[in-house]
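The following pair of complexes shares a single chain, chain A, combined with chain B in the former and chain C in the latter.
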Partner chain A sequence: MTVAADRLPSLDRRFGWAMTAPGLLALSLVVLFPLFFAIFTSGFEYTLLHRKYDTFVWLDNYRSIWSEGYLGQSLWVTTTFVVAVVLLEFLIGFTVALMLNAVQRFKDVYYLILLMPLLINPVVVGLIWRMFLHPELGIVNYVLSLLHLGPVNWLGDVRVAFWTVVLVDIWHQVSFMIVLLLAGLASLPREPYEAARMDGASIVQAFFYVTLPLMRPVIVVTLLIRMIFAVKTFDLIFVMTRGGPGTSTDLISYFIYRSAFYGLDLGKASAISVVLLLVVLALTGYLYRYMRSLA
Partner chain B sequence: MKRLLLTAGLSLALGTAAQATTVHILMENVPDTQFVKDQLPEFKAKTGIDVDIEAISYIDMHSKLVPQLSSPQGSYDAIVVDFYWVAEFTQAGWLMPLDDLIKRDNVDTNVYLPALMNLVGRVNGVTYMLPFYNYSMGIIYRKDLVADPKEQAAFKAKYGIDLKIPTTWDEYQKQVEFFSRDTNGDGKLDFFGTVNQGQRGDCISMQWSNYLYANGGQYHNKDWKATFNSPAGIKAIEDYKTDIAKHGPAGAESYCFDEASNVFGQGKAYSFVTFNILLSGFSDPKSSQVVGKADIAANPGGGLNGGWGWAIPNSSPEKDAAWTFIKWIESKETVKKRALEGGAPTQGWLFDDPEIIAKRPEMPQLKVLVATAQEFPTFTYTVDFVESLGRELNLAVTGQKDAKQALDTAASDFNKLAVKAGLQK
Partner chain C sequence: MADIKLEHISKSYPPDVKAVDDVSLHIRDGEFMILLGPSGCGKSTTLRMIAGLESITAGDLYLSGKRANDVDPRDRDLAFVFQNYALYPHMTVQANLSFGLRLRQTPAADIERRVREAAEMLGIGALLDRKPGALSGGQRQRVALGRALVRQPAAFLLDEPLSNLDAKLRAGMRTELVKLHRKLGQTIVHVTHDQVEAMTMGERICIMKDGRIVQVGAPLEVYRNPADTFVASFLATPPMNLLPARVEEEDGGGLAVVHAALRLPVAEAYWAAYAPYRDRPVILGIRPEDMYASAVPGGVAVDLRIVAVEALGPETILVTEFPGGAEVSSRLDRAFVGQAGSPQRLYVVPEQMQLFDPQTTLSIPRSRADLRPDHRSAQLRASPGATLAG
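What follows is the complex of A and B.
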């Protein structure tokens, strides 16, 4: 009944393939198929009115993207939005995670409260905040008025609207950062801290020389995932501002949506999506390699 | 015995299966949909046909409908079509012509107001829809304030004209200015002459259209060349900006009709240029503090015409049952019930029916409003145009772009789309 020792790895490998095959198949169906379909569509003059793949236009759809007047603005808004939400959520998230990591009692209660926003559907988040931020009838301006502040024109002022959306996104998504970072902190080994304390390191020193280096892989993954999600933000914009006032919150995902469902031009919408995918892929690849270099 | 039972059971099951026809309809979540839902038990009792209404919000409808309409067999047997989509849906060949059925069953389509039959009924002589309800726009205003002798005297003293239902745009703008007030003396307006729905997209496009018509502007000439980047268009933007800055609540440039109607419903505004269907909501004590105080007037120069029509998609699995339903829901008896409940009628005679007028005194005004309403450009790319217009108007209103420049950009987009649709050579 014994299996020759040298055959074990190959058997293991085969068993591994057999176990992962169904998952891989499902993934390729739901991920790869739509992906290739989008790439395929981007090469055709394919609109919702003319749903036939009979006019192959090579790279015309890609060329026509750049003639879109407001694409540059939309890309700029998206970049600023992603940098703002990822950085701010990381700073807040890491601070809260460090605090929670030190807490001994009522941890579950804090968890529950923190996770609450994350459980709410983004459309509902948008609607709730639209009501809260109503300049005349909303509770936020009412509270500010009690403090003799405001009223703030949250979503109608060009200079304010972008940051309002960033703030609502932080409210909604920051718990995601907290949870991931907290899991990372909880799994850190105790020994380096004890060694640091023996060497007379202060709390600040322990943070910069022990916690931060050990946490680096977790931080990179967290930032990466959050960044990818942030690029895809759609619901909040759709419900709260429709890209306005003017074009100040016009994120790329809403831009693509408009090309597809208002402009009816699926070919062009697919082309913009493919370009966006390449950008995100390049960023992800870079961050992934950076992470590997740390390990 | 056993066999008998089996046969009886089987025939019962088959009988039920044969009867259990269900008509699936996708509708928008609005008062008229609720009025339709209320009448479904009666339809079921009469015909044995079940009707399953999926009511969702407007923003999800188009993207939900398109895949269903373009596949050979969709999941909706009947649909309601917004006037925006009429050209797109008919040009794509998604809607079934109803003329043969209308002729076969002697359905009288002359009962509909011609303005609505043109908007959401007939396209190039073919009937694709029966008009369901209208949402033509007008001015919802506070009739108690207009009737107040003190206000009347003060208005006369200030402007030298009577305070009454406005018949010219200038008169209305004077009223808007007159009623904008700082009632508690803190230096900020807290009662508004008007409320704008200036959010980018269709909110601002729809409302601003009324400003354009009121200033004598039109969207295009008979060759489908854009004409709204005219002095009238610029004046319409200036009026809109002034109303937001001087006569309206903070943030109106980001409101859609729900936020705006809340301000009016809370008794904080004199008037509101909007969809007529919102009026019935202000008589509901649960959500309104102006019960019995709101009325509607036609927009001077005509308001924007809007409406929905019943249609049967070519991809409908149950076309016969869908037609039976549409015929019944648009029958005289049923539409009258809906109008009595507060629905927005499309058949002309309902506006003159004494029983309905007794319950809804605004009916004669509504008739004028619908009859004088102006048509927004409906063509294959209406949705795309509304988006571009909404963006440019919002840029202008928020001071990021000069009014003329913004209108020129929107006009150039309009011309491109009109060429693409084959309307402009």
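What follows is the complex of A and C.
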């Protein structure tokens, strides 16, 4: 069978659509449907006690989540959490990555050890640390008592709980930063460093004038990806603090969960979800544009 | 201004790879020195040790008389031009050029002037605001050179800076570099695997092989008087023809070097030198340009069969074979016409042959005077065959 040359591209396109159709269909069922369903629900007064789409309230749900004031607190906690986690993980991660990049021997061993937390399910991480941090039975307070310190109520004290969660998240996720930054460092060309040495740069100068500028794309992408994931943190909070004590660790994703399954107000929970979606979309959009500008 | 002295320098990598092995070399102040050799011969490693980018395992390095083994690269006052230029990709050309000066806290006006001068000299004045990514290979190469120039260092170390350029650009840059050297009078150490670069640019060539120096000398001296078969076959394209031969006694009492049908009588003056090799195998070396298509005074005829005729334009490379099978190349006039497969008579002037010891591969000196390099060049220039090439 011969095909006219000018028809080939259109045939190609049709074949492509045919091959991707099942995947696209599955994706739209599991991603797009819940998404639009949430947007749809956010426009109704829909609670788990009254599961009927009979009262369309326009933007009332959005108005009420603002006016009730709880969202503001949750947004503040979330922002602090994201900034703290991403910044600290970046600083620690970059330092460790720089060190690992310079290591000659046993690199694989260090790498494996550092990667382990990342391989553990977040729920398991939460459970392990909840046990470690138990005020009376936990190993952390025991070790502190040997040093005549503590005891600290890690997850029960309003002033401490937030930073405890931040620390556990760092323990869990910092290897993500290390892996990405180390890959970036390892792929940097060696020649500019040698050129800088010949040009008279010290190690510190080489870091600031060569490493940092060359690493910029990797750093930006790593920070953005980590931010997107940090904004959505849920499991750790669910297992360790349930948003408490008070609202001190009430991250937005847990706030949504509470609104839906404690407050039973699915309409309101959907409205907050949409707000969260917009935030994540904005970050992702920026990431996408940045990565395209690199290419 | 710097003279660079290497004394018994070695570089080994664990477990026991010897990249550079007992290299001693004195590069004089203001000299244009070429380190030449095939890839992996240790020439780049040697250069990097001079620069301080590579530590020295054994031996001593002296820069302007001071031992510099442990001196930090930044304190050696040397500029290095890398094979792939190694420009800072995130900086503009201007910033690339001035980086070294800024690090040394040179006054801004000074930086500005030196960058402008270097940019003018290299013809990159219009590119100062561009980043390396937006430059062609030749332009990057110039920027890399400019970065070295603005520093006004004691010496320039060039690591195959022309190898990534296309043939035309490379020929142009060769001339530029030689001009630059004449203008600045600075010491230049230039590493290359390209024998044309070596022959045309260097004041002296240092030929390396397997981490060792094989021969050091002026380009023509090395060309005319190769120390061993490696140098003989490495310099020039096509290289010197090397044929297995024997030194035999002639009926009249003299000596002759014999390969298949080719029988080259040895001049009486050299009998003493070649006598120890009587009835023993030697390697006979004949440069392609020392084989002639028409009779020359003193020439010995030999009948060969044409394998290939490569007409290059300005000249013709003729590949022929002996009945025994050994192939030889000859560099003939462009007017030469021949057919592959047909017989061809060529002429060889016995004085132009060179002999090598097959065991050591070293050149066999013909007389004491032969050891003095300039003597042989002069002698060759005076020989009748040299003026009758082709």
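Everything that follows uses one rule, which is that the second predicted complex is superposed on the first by the 241 of 295 C-alpha atoms of A that agree within 3 Å, B and C clash if a C-alpha of one lies under 4 Å from a C-alpha of the other, contacts with A are read in each partner's own complex, and residues count from 1 in each chain.
Going forward, contacts are C-beta pairs under 8 Å (C-beta built on N, C-alpha and C of every residue); 3 or more make two chains touch, one makes a residue touch a chain.
This is a predicted model, so every value here is computed, not measured.
Student: Give one word, clash or fit, describing how chain B and chain C relate on chain A after superposing.
Tutor: Chain B and chain C fit side by side in the superposed model.
Student: Check whether A:12 is in contact with chain B, with chain C, with both or with neither, and answer first, second, both or neither.
Tutor: neither
Student: Which chain, chain B or chain C, is in touch with more residues of chain A?
Tutor: B
Student: Identify the partner contact of A:242: answer first if only chain B is touched, second if only chain C is, both if each is, neither if none is.
Tutor: First partner only, chain B.
Student: Contact-wise, after the overlay, does A:263 reach chain B, chain C, both or neither (first, second, both, neither)?
Tutor: A:263: touches chain B, not chain C.
Student: In the overlaid three-chain picture, which partner chain does A:195 touch, first (chain B) or second (chain C), both, or neither?
Tutor: Only chain C; A:195 stays clear of chain B.
Student: So after superposition, what is the minimum Cα distance from chain B to chain C, given in Å?
Tutor: Chain B and chain C, overlaid via chain A, are at closest 52 Å apart by C-alpha.
Student: Please name which positions on chain A make contact with chain C in the complex.
Tutor: Its residues touching chain C are 189, 191-192, 194-202, 205, 209-210, 213-214, 216.
Student: Help me check something: in the complex, which residues belonging to chain A touch chain B?
Tutor: 48-49, 51, 69-70, 130, 134-137, 151, 153-158, 161, 238, 241-247, 258, 261-264
Student: Mind pulling up the chain C residues that touch chain A in the complex?
Tutor: Result: residues 51-53, 73-74, 78-80, 82, 84-91, 99-100, 103-104, 147, 151 of chain C touch chain A.
Student: Sort out for me which residues of chain B touch chain A in the complex.
Tutor: Within the complex, chain B contacts chain A at residues 59, 62-63, 66, 70, 88, 91-92, 188, 198-201, 203, 249-255, 259, 262-263, 266, 268, 380-381, 383-384, 386-387, 390-391, 394-395, 398-401, 409.
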